[in-house]
Amino acid sequence: MAAAKAKIAVLGASGYTGGELVRLLLRHPRVEIAALTADRHAGEPMTKVFPHFAGIALPQLVKIEEIDPTFFDLAFCALPHGTTQVVIKDLAGKAAKLKIVDLSADFRLADPAAYERWYGHAHQAVELQKEAVYGLCEIYRDEIKKARLVASPGCFTTTSILALVPLLEAGVIDPDQIVIDSKSGMSGAGRGVRENMLFAEVSEGLHAYGVGHHRHMSELDQEFSLAAKRAVVATFTPHLAPMNRGIYATHYVRTTGNAGAADVHRVLADYYKGEPFIQLLPIGEVPQSRFVRGSNYLQLGVVADRAPGKVIVISTTDNLVKGASGQAIQNMNLMLGFPETEGLTQLALFP
Amino acid sequence: MAAAKAKIAVLGASGYTGGELVRLLLRHPRVEIAALTADRHAGEPMTKVFPHFAGIALPQLVKIEEIDPTFFDLAFCALPHGTTQVVIKDLAGKAAKLKIVDLSADFRLADPAAYERWYGHAHQAVELQKEAVYGLCEIYRDEIKKARLVASPGCFTTTSILALVPLLEAGVIDPDQIVIDSKSGMSGAGRGVRENMLFAEVSEGLHAYGVGHHRHMSELDQEFSLAAKRAVVATFTPHLAPMNRGIYATHYVRTTGNAGAADVHRVLADYYKGEPFIQLLPIGEVPQSRFVRGSNYLQLGVVADRAPGKVIVISTTDNLVKGASGQAIQNMNLMLGFPETEGLTQLALFP
Amino acid sequence: MAAAKAKIAVLGASGYTGGELVRLLLRHPRVEIAALTADRHAGEPMTKVFPHFAGIALPQLVKIEEIDPTFFDLAFCALPHGTTQVVIKDLAGKAAKLKIVDLSADFRLADPAAYERWYGHAHQAVELQKEAVYGLCEIYRDEIKKARLVASPGCFTTTSILALVPLLEAGVIDPDQIVIDSKSGMSGAGRGVRENMLFAEVSEGLHAYGVGHHRHMSELDQEFSLAAKRAVVATFTPHLAPMNRGIYATHYVRTTGNAGAADVHRVLADYYKGEPFIQLLPIGEVPQSRFVRGSNYLQLGVVADRAPGKVIVISTTDNLVKGASGQAIQNMNLMLGFPETEGLTQLALFP
Amino acid sequence: MAAAKAKIAVLGASGYTGGELVRLLLRHPRVEIAALTADRHAGEPMTKVFPHFAGIALPQLVKIEEIDPTFFDLAFCALPHGTTQVVIKDLAGKAAKLKIVDLSADFRLADPAAYERWYGHAHQAVELQKEAVYGLCEIYRDEIKKARLVASPGCFTTTSILALVPLLEAGVIDPDQIVIDSKSGMSGAGRGVRENMLFAEVSEGLHAYGVGHHRHMSELDQEFSLAAKRAVVATFTPHLAPMNRGIYATHYVRTTGNAGAADVHRVLADYYKGEPFIQLLPIGEVPQSRFVRGSNYLQLGVVADRAPGKVIVISTTDNLVKGASGQAIQNMNLMLGFPETEGLTQLALFP
């Protein structure tokens, strides 16, 4: 007899990460989408906000208050930053056994002081914040398996933390000389309706934003510092590129001692040996964002600069999959005891 | 004990339809990709021509002559038009039991005279041409199940034949008043290296081509005429749009008698009842190509024009999936006795 | 001594047509931009809404009420449909000598009853509506030269009226058999902030809208009927394509008598002989929207369908130039006695 | 009486920079395009290779051998790297008074040894190489005015040299800590027909290339070292982005002494005071490539990083205008004694 499927709720199903969770969960053999919430769209069918689900049976959109959290095995929270912590505190209070994967930034910073500094207000669920596990499976796999609340990281941070943490841990690069130039597709900016996200504003152009000061830096600081066992403050500049999906991060690092690109490559090869979703290219080969589009893979490349001691590490992900919803499901798989790759083996859609 | 997997060869694996076949077959539970051919790239790994398969085990590319056709259960031919017929004649001669799904145009016209008229030379495998079944599962399902050679139709024709054949069969539209304005994404033009397909030539613009005379018309003529039981010569204009994937076909038809858009909608609803890959939208709703991107679904909509008796029927597919490789696998599923939807239920990648 | 420059006001300078007027007027040798209005942005510099004017001296944005209409020689109104008529009534009342080019739809329909039927409310400046001249220079040149108020047509209508009016006037096509399939770049949808205009919603896809009933049809009806000297109700379907600029209109027509594509081509050649902005291609050649991008040119092509008596006429413009602001300036040139092409000879930006 | 127009030849008119030269020269009031060459297209009209010149009178394309160099005042060479030096040697030998603006890389490196090292063969016109002036008007204006041969720099180098040379000259940044992450639109890769430039390969993705070693570095080295009066080896990584036009360069620098972003900004403001084509934004504001599209302007921005002593300098140009053909015409204006901005004041085409 087939095991009963896990009952899943997706809170915040009308944004891009919510839609992507639904796309992936619908073809996951061990789960059942049992509830979808979207406050402003409550009462509407999912096809109203995402017509690509035409013909697929899905629960109607409801308000968060309408669901009974004790009914579910796991809830994904794809809600706006800032408001999520209150929602999750409430859910956790009502349903002690409910597992939660949060896709917002609310529980990603372990230090309440850092949270307050970067977000401008005190955290409203400090106890849960302490309990939350940072949801990078390749780094925190064991902790995630036992976690009740996982703070699943976002696209910029996933793509750069996975590229540099092994190098910082191994001490092969200088923590004070990190420059990260990252480029994101437009879906990374969310589905909020703003003039500067209109097609005609964005197409046929490229620009940086949040230069010098961007909230994602706080997560880079946290994870880089943990890995280096000292404070690390990297330079990080995000850009928006005229494409739907993809994070493309170019990391400029300096090696320590006499290490070169080959050493950097070897550290990454060792660290990610057997990892199902990390595709380390042969040294000198350059990833392209289009080759991970729609997939949960991260492609990673290492190239020597012409100047000795300088190395360029490039990583790329699909911001909605490995950079958001795919990774969230990878976390779910660990938390519910499923095979880690279940429902996530779809290959990149190229061209 | 699990049944042995069917052994599959993909001939012509370095083009877009070849790559798409591999993408889909790799995640199909009942098949094994046992050979990949690509003449100019023979000896290279598949990742050389399609880097999105990095890390995936696949046979090396070989020349067609290097494979033994008796070894396979089914071969897909994703080879250029014109040369395919000789290759298939040879394969069929050597391996009588080999099933073949041909993605070229070579066997799509049942009438050798029509073939010669449209392609400018006599068909070189006339016996096989007679035997070949036109691979539109929704129309020729029973014939395909028994076929040895299926001529799987292309993107423009699939998208328009599925929209209009039910209406012509039912006699609800006038066969002499059909105008089809179709728009294709650039992958529909193939991977051939030509100046007019460069990004900078194509992006930020739109144009028609093959106006007044395009080889795909021959298939529309054949299938429309069969459906209407009289000669039908539709007006058809293909366009290229600056996107990777998608066929978007706008059909302008006139109803017969007193029929209106509701009648047109009802005929389609009846015809496609229970079809897994046809998503007929409620009357008045308009499909969008983005909502089938990466999937094997066809979205279909019917809207009344303001002038009585005029109806607009819109259909859209992903040209590489339902318009090529997905449909080819749908044919394979029928020919090998698998569930028709096996390996093809991936949902659209939106955004 | 150089003649004094004409003083120009641009009302509604923060939308795309307003920005395009400013771009073109800044390089027009006979005019001076003397005022710019934008209600919500009043008090801001123009570079706040259009950073591509960085470093260019321009008047600050003000509210319409802040300008004195007697101060200007001519005002462009790039304001929303519906509210424009009240604004213009007021301007005309205060400044009898002010010439006005209106880019909205408010004065394009000569018949108040037609206006009311299509727009759902009575026209609020009926006297001016009677006086307004439809601003297609190639058709109404003499009337425009004498006009005080010109209703400059929009992109879809300009592109299709210029393609078909000569043919309807000459009686060479059947007025009851017109199908127009038109595709627009996203800037044609304006700068309004709506979810369905976000980059990630629009990119990599194509869709029709307003199918069966679209307000632009009313202008097509008016001009086609005038040309044919009988009522004409064409079928017209607009689409949105993932590009910034461009209207690409494919017209399916049937000839009368024994006329063929050559006759259609000849009628157009005669009609547009010497016209500076109409580029009629040799028969059989197909326009591309990219070849008019950024320019005031309209490219026009005629191709015979394979079926006798059926002809495909294709026209393309840049929706913001010949389809909006360039045409408005062409009207201004006529109204102020300047050379018609002044300030408008910029060539297409390709690639 | 109007002065006679200068007679101009464009050698290599069928590539993107050639087409862009023609687009701009056609609207330049003081020149006449007297010859166009394109070897493979000799005998064809210019509209065959660039249909956006439909209806414009232009000389037919001829082979280089067919033109008499003594007939022209100035020749633009938009020919492939490597072969240009022989062509120019021949032209200069035949026509001592002919002025030449070369858009290739052949004469950009002053040091023959550096040329040989980077290009793998000895320079074949060493005397001319010594004479050639590097064509950055904002830096070498006086030399260009007197030059017979100007080596007009390309898009990546123009965009980054103009951003950093003033800072290196002023000693305000550390020459050993320069990281340049640059992104180019696809027209920057030229009109050569290669698979990796097809629309479907390129669209919806982003990638780096030439990582660690790219020929443009040699020009950066030359100009940076001249400015710093010592050897400078910057890290430079070019990327290709899915857009037609635009270079977007993000420069990561470290200040010297106690200098901060404000000092960096002030140095640039002083250096570029009164420059017609340099738009320095207020400190903290970020350029966008779309706001220079189609124009000869360079936008420049300075932002402080959160870490003291680190500054981000961003510059953007249209690669075909300020990054190629516009700059070449700016050089021509200086060489022929015309106003420097003549024919180059077209504003950016946005959206």
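Going in written order, the chains are labelled A, B, C and D, and every chain counts its residues from 1.
Everything that follows uses one rule, which is that a contact is a pair of C-beta atoms (placed from the backbone, for glycine too) under 8 Å apart; a residue touches a chain by one contact, two chains touch by 3 or more.
The shown structure was predicted, so the numbers you read here are calculated from the model rather than taken from an experiment.
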- request: Work out which chains are contact partners of both chain A and chain D.
  value: B, C
Message: When contacts are scored as defined above, which chain pair ends up with more C-beta pairs, B-D or A-B?
response: A-B
Task: Take the average of all CA coordinates in chain A, do the same for chain B, and state the distance between these two points in whole angstrom.
output: 36
Task: Using mean C-alpha positions as chain centres, tell me how far chain B is from chain D in Å, no decimals.
output: 46
Message: I need the residues of chain D touching at least two other chains; which ones are they?
response: 16, 185-187, 200-201, 203-204, 242-245, 288, 290-291, 293, 351
Query: Residues of chain D touching chain B in their complex?
result: 16, 185-187, 189, 191, 193-195, 197-204, 242-244
- prompt: Touching chain C in the complex: which residues of chain D?
  reply: 16, 19, 23, 26-27, 50-56, 186-187, 203-204, 244-245, 279, 281, 288, 290-295, 297, 299, 320, 345-351
Partner chain B, residues of chain C touching it in the complex: 179, 181, 183, 185, 200-201, 203-209, 211-213, 217, 233, 235, 237, 239, 241-246, 248, 250, 252, 286-291, 293, 303-307, 310, 312, 314, 351
